[in-house]
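Presented sequentially are two complexes of chain A, the first with chain B as partner and the second with chain C.
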Partner chain A sequence: MTADRRPQRDPRHPDEHFEPYELDASIPWPLLGIAVALGVWGAATLFDTRRHEERAQVERIEDTRLATGQAVEPGHALFEASCATCHQSNGLGIRRAVPPLAGSPFVQHGPELVANIMLRGIDGPIRVNDALYDGHMPSFASVFTDVEVAELASYVAARWGENDRVLEAAEAAELRGRVSDLGSFRGGAGVAEDTGLALGDQPPFASGTLQPVAPEISALIFEGRGGQWSCASCHGDLGQGRENTPRLAGLPADYIRKQLHDFAAGRRLNESMAVVVAELTDEEKQALGAYYSGLRVPSNARPDLGGDLERGEQLAREGDWSLTVPSCFSCHGPSGFGVAPEFPPLAAQHAAYTASQLAAWAGGQRTNSSLDLMEHISSALSAADRRSVADYLASLPPVPAGTGDTLAAQGEDR
Partner chain B sequence: MSHETEKDARAKPTNPRKGRYVKHLIYAGGATLILAATGALLYESGLIPGLERPDQTVASGYFQAPGNDQIPDSPFGESVRRGQAIFMNTATNASDHVGNGLSCANCHLGEGRQPYSAPMWAAWGRYPQYRAKNDQINTMEDRVMGCFTFSMNAQHSVSGEPPPHGDDIYRDLQSYFYWLASGAPNNTEMEGGGFGNVPKTELGYSPERGQEVFAANCAVCHAGDGQGQQDLNGRYVFPPLWGPNSYNWGAGMARINTAAAFIQNNMPLSQPGTLTDQEAWDVAAYINSFERPKDARQGDMTIEETRQLFHDGDDIYYGQEVNGVLLGVGTPDPERPVGAPE
Partner chain C sequence: MVTMGLLLALSFVVSLLALAFLIWAISNKQVAPDQHDARVIFEPGDEGHVDSGETATSRPYHFDTVRSGIDAVSTRPVAVLLIAATVWLVIGSVFGLVASLKLHWPDWLSDHAALTFGRVRTLHLNLVIYGWLSQVGIAAMIWVLPRIFHTPLRAPRLPLIGAALWNAAVLLGAIAIANGWTDGEEWLEIPWQLDLVLALAGVFFMVPLIKTTLARQVHHIYVTGWYFLAGILWFPCLFVIANLPYVHSGVEEATVNWWFAHNVLGLWLTPIGVGTAYYFIPKIIGKPVFSYAVSLIGFWGLALFYSQVGIHHLIGGPVPTWVATLSVVHSVMMFIPVIAVAINQHITVGQNLWALKESLPLRFIAFGALMYTMASFQGSIEALRSVNSVTHFTHYTVGHAHLGAYAFVTITMFGAVYHMLPRMTGRVFRWPALINAHFWLVVIGFAIYFFGLSIGGWLQGLAMLDGTRPFSESVILTKPYLEARSVGGALMTLGHLVFAFNVASILLPQRVPESVRTVPAE
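Right after this comes the complex of A and B.
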């Protein structure tokens, strides 16, 4: 602020020797006030965000508690959340795809068989109420606690099998221990054989021919080549992945091959992967894809980003049309099992990985989605939404890795 | 500040009042900023009681149908839920009357809520209505019966026909539509109703051009052969667009103008409105230039008689030759009804 405190002279003859100078002028207090207020605001916002995350965690715990016990009808909420996407709220399933629970002899046998199937999953043809189904049901062993298994199985058996026996959590725990190493039931015939129960005429199970892994591919996976990392060193011995390293087990072979190509071509940016894929031939990429697509591994993914699971479930199952975001499942298949080869399975993928990929699409570091579908969708989602949906998807059971041609192999028309 | 002072300030830049004026301005601005920040903070933290976060779903300018969490717990609510189950999973919940791989929800997106995807909240108040299609007054039940006859291709279903009049399927579907239209005006054309329109283009439409549009924008989901894609259990994730598992020649979607409007306003999923008018017309022509189940009304008539009676003047390839093949013959009848136990 400049001013002239000396007596006014004739303005027509200004003082030739005048030098401009500055008066003492303190910063006005309101400006200081504004600065302080903005600082307080920023700090409070930081604090507020953290509190939101804490609250989300509390809500999640409450949700789980509600779903596992305190619901009006034990098992109902859990059924709606975990079973209804395939078997439907009315238990009628999907024609030619998902067997009904209503009137099913498997359900009528009671909660123990239902729990057994939930824990092991089914992989093979199955006949229910005179209709044949392909039979790909995931194992829920990594998803449900013993209490949840017991309540769900009792609920399903009572509602659709008219079997009133109530399975106790201790029985579910005992069952879990007994079947943990048995793998999936080999179709309806496998269920009948393993349990000795009468389940009507079940189609025979045609065991898939397991391709042996070539020694050089095995070396790539477990030892690496030329001083490079092996696949297993990051993705785990069974392709289960962890945190920001994706689960590979059960992903379609063609999808994995395409991603390896895209790393090489720079459509996906990841320094480690760029180094590793540089040395791979097309045949090796294909063979690696085939290897991981056939792996069946329990999920070790957990919702650990503090996202809002309810919002995540909404995005996955219904989408948010106000954001022009369709549901994840409308392309990646009901339950997030994927539609090969363009739409990979999302279920049981690690939350940190899913969220980071969504962020990479939104930020332009990943550009390999057909029609830029994922770029658009990811950009429309807020960071909180991305965490929420990633957390929800991590809570799902893994896709049952299967050949998908078990029915074709035995020449039966569905 | 008065007008005069402002003028003074401009006339004499050295006027000390100007400094005060600017100072006041800064103070006022600062105070506003503090108020805004405090307000935002209170709002964010939810300390202001009763002030909820704005509901994002109300952002669009269209009618807002209620969400699923608002379905009442009552006998009526039960019916709404059954209706919604039929709507979403028609082949299972109306199994005897669905002769293809489609559901209502394939064309009525967002569970029947999406604007320009023929939302049910807009359709509900439009019936009874005279329709030239069958030259009579149509109730909602008549209209839905038409959907089963043509879009769901009931002729190849287990029963071979749509649900009979008075069936519970209609009762529950109508409960669902009525509930979706809660608060909607009656007998009024609503913004976002129907599929919309795509203006005709100078070039007209061409399946040849449409083939390229299809390959670039549609094939990733609906597959290169248009037969849709299923998940590992054989459940349709992307519906078939032509061939034996799609809608028959009598369906509205078989008309190129209807398909063009649906496509432009809804496809590709998550990117509506990205195709030009020309692309929408062309790709609709391409999709509807393949054989599909025969028109359910054909009966003993020839294709030409059926064309004259039901398709004359429409934008449809029915009864015409495309690439040397007469369309409208229909895909072969299935060996046994679709969905019948083996």
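Right after this comes the complex of A and C.
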């Protein structure tokens, strides 16, 4: 510690005036070896970034093609991917459920009307030839670009309506601008009324969406009660949801009621919902379900998890039997539009929410699926698969189609 | 096809070749350090009539800094900077401890905005970087550079003015941060208006050191001098460019932010710590370092590779992929200079382990030098995308930052201070056992701190990556590790109080009689 304790004559003892300096030893060969090896690795790694760059270039070229309308795929592939799940590949539809395209007077009027219906959707009864259908045509406005709308409408009109007029992308864009605020057609009568076209005898439209909301329920939804915050504070004024908060608009009433029960019973774990449902009575749960099931809102979901959309489409439409995963649509209905009340619509649900629910089933935070179906399916999927399928489902159009303006009016009408 | 990858790889290879050539040229053609350089200050006639008993200066590589009056000139500015640095160290550690406690006692001290986590943590960071490390580093430079240049410090009053300005700016910056007035970027929180004062104070530190360098009496600059001079050249550039108001925005602002924040470690604190270790290790042991050529690799490798390292903090962010890749490559290339420094320093210590028993300052410095190797290896590996995807946004990163800034730089500087103080004052430490206590408090405290955060952070990263576990689980599982961090932090803070007491006890006038030739603490 001090000089006293140090052996005074220790020859090793440094003296105070010693100056640090460097010896002239040469560089040890392992150091040179490491330096050369790391140099080679570094150059190779940097050279390798060209792969990222090339991939980005391919994506840019594809984006440019789509944006400038140079995509050359015929509407056929799009039809198979998005329309045939309901209208069938042969365009004959499903008896008593989905109207046919073949021989339909709507299609025979040409690609403008087809495009118009694709963009707006139909929500209400419709007569095609001699059969009546409960119309639930979704709006594809959020799903297809103008180029795709034009291609699809031309394809459908030419193939099943024998109308050879070709709709241009610019016309589709113009149409999109014109109808963007109109919401979905109110049944077949609404189509005839709005377009002035002769479509035969159409059933009258009876609004199912403007049912009265009790003031207490409206207060729950928009203002909250006591320690419970309002539904709208997270799920939005229109029940449209956002990111990890689900879209509620258009979910079956019984499905919503069951989920509220399950939150209360601990079969779904979520700290926010646990607080909110604690004080709800059964009647209130029922009324909330009824309210949200009646909402018609355009989709604000986007595939934003970076998932592989092709893989997602494969899982949704065909499943993956190597993982013993059935297709989503086999239970949740064609195009994921839902089969009430057990199987909720998946289409247009927010990707982050869908992926997080799949993860929650796999991780045991959600245990309320019938027959443990979802627990098994979710556990079999990899994290990348969960993102892919969630992204694909988010890219689908919502059903029933939305009418934003009526909805907003209803929201303010509490 | 000419791609960015090809251009990057080519420019990388070219700069590597240029560096290799430079090192080869210097180590073979330039004058190797020799006896002549060490004796330059003494005219042939002078050498004879030095202290007859200790014929120190007549031998090569020996020089009496006391008799030449060099230490006496440096003492005043060094003492002022050391006192100020010690005060900030204690205050900064207390803020660090408070911030650590808040992570597991979230409701504690939350009534005042100034005491909330966001501000307390920021105060900790700014006070220890600008208040403690920068000032103790400049103090070491003012002490060491005149010694290795064999000439007294020039303009020795300027650092006093600089110290006054610097501390005023740090104090005002701390008050501004506590009141919520910041530039809003990590490591750059002090408002730019006050940064002007810091920059001005920096000039008052730089001018005397540069003037001393120009007036040096030796031909060969010892390796410590390269690091110190490079540090005072690099840091002002970094500081001014990163703090320019209204220039940086958006993604580019984030890039500049991390370019700066990481370079503060690599191009300011590292030169301080490595330069200090390079001087004091051979000085205390009395043996030269292993190889001049290896020290060249260490220095120029740092200079070439470090400046691009910081962007690995933005892996996965919206910066071009090649920018992040370049940063990853440079981070890994840091293995080369770090191994070089390790060879030079650890071989010298390893061949003279007896000195660790005798010298408490060497114990601090050798430990710090070892931690430089560890922190740098860890950092190079952490920059790899596969590792970074786990550790990013976790406490693991915090543990790594403290391994560099604390276990390496701060502990090295403790040793340097313990070596300098007796020579500045001509007095002994009255309670050497307290120095020993300080060492073990900070080493044990740091070990608890580091292993707690590294393990907890890694588990936290794995939990965050696992989509089947809720996010809250990744937070809750860190709690015992955060508590361990607070225990470690409390021990370190206690150690700093002991350090402050030791500094005060030797600087305050003592009544006990002193023996003239005691060399305390060794």
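In the analysis below, the second predicted complex is superposed on the first by the 321 of 414 C-alpha atoms of A that agree within 3 Å, B and C clash if a C-alpha of one lies under 4 Å from a C-alpha of the other, contacts with A are read in each partner's own complex, and residues count from 1 in each chain.
The rule is short, and it goes like this: a residue touches a chain if its C-beta (ideal position, glycine included) is under 8 Å from a C-beta of that chain, and two chains touch if they have at least 3 such contacts.
Just so it is clear, the model here is predicted, and its values are computed rather than measured.
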Once the shared chain is lined up, is A:Pro28 touching chain B (first), chain C (second), both, or neither of them? both
Mind working out whether A:Leu132 is in touch with chain B, chain C, both or neither, as first, second, both or neither? first
Is A:Leu38 touching the first partner chain B, the second partner chain C, both, or neither of them? both
Have a look at where A:Asp48 lands relative to chain B and chain C in the superposition and call it first, second, both or neither. both
So, does A:Glu16 touch the first partner chain B, the second partner chain C, both, or neither? second
Just checking: does A:Ser370 make contact with chain B only, chain C only, both, or neither of them? Give me first, second, both or neither. first
Give one of first, second, both or neither to describe whether A:Ser89 is in contact with chain B, with chain C, with both, or with none. first
May I ask you to decide whether A:Pro326 touches chain B, chain C, both, or neither, giving the answer as first, second, both or neither? first
Overlapping contact positions on chain A, where the chain C interface meets the chain B interface: 1, 28, 31, 34, 38, 41, 44-45, 48
For the complex, give me every residue of chain A touching chain B. 1, 28, 30-31, 33-34, 37-38, 41, 44-45, 48, 86, 88-90, 92-98, 130-136, 318-326, 330-331, 333-334, 337-339, 342-343, 370-371, 373, 376-377, 399-400, 402, 404, 413-414
Touching residues on chain A, where the partner in the complex is chain C: 1-4, 6, 12-28, 31, 34-35, 38-39, 41-54, 56, 269, 271, 355-356, 359-360, 362-365, 383, 386
Name, in rising order, each residue of chain C that touches chain A in their complex. 1, 3-6, 8-9, 12-13, 16, 27, 32-33, 38, 54, 56-57, 61-65, 148, 222-224, 278-279, 281-295, 297, 321-322, 325-326, 328-330, 332-333, 335-336, 339-340, 343-344, 352, 354-355, 358, 360, 428, 432-433, 466-470, 472, 515, 517-522
Across the complex, what residues on chain B touch chain A? 19, 23, 26-27, 30-31, 33-34, 37-38, 40-41, 44-45, 56-60, 68, 81-82, 85, 89, 91-93, 95, 98, 110-111, 113-114, 217, 220-221, 229-238, 268-272, 339, 341-342
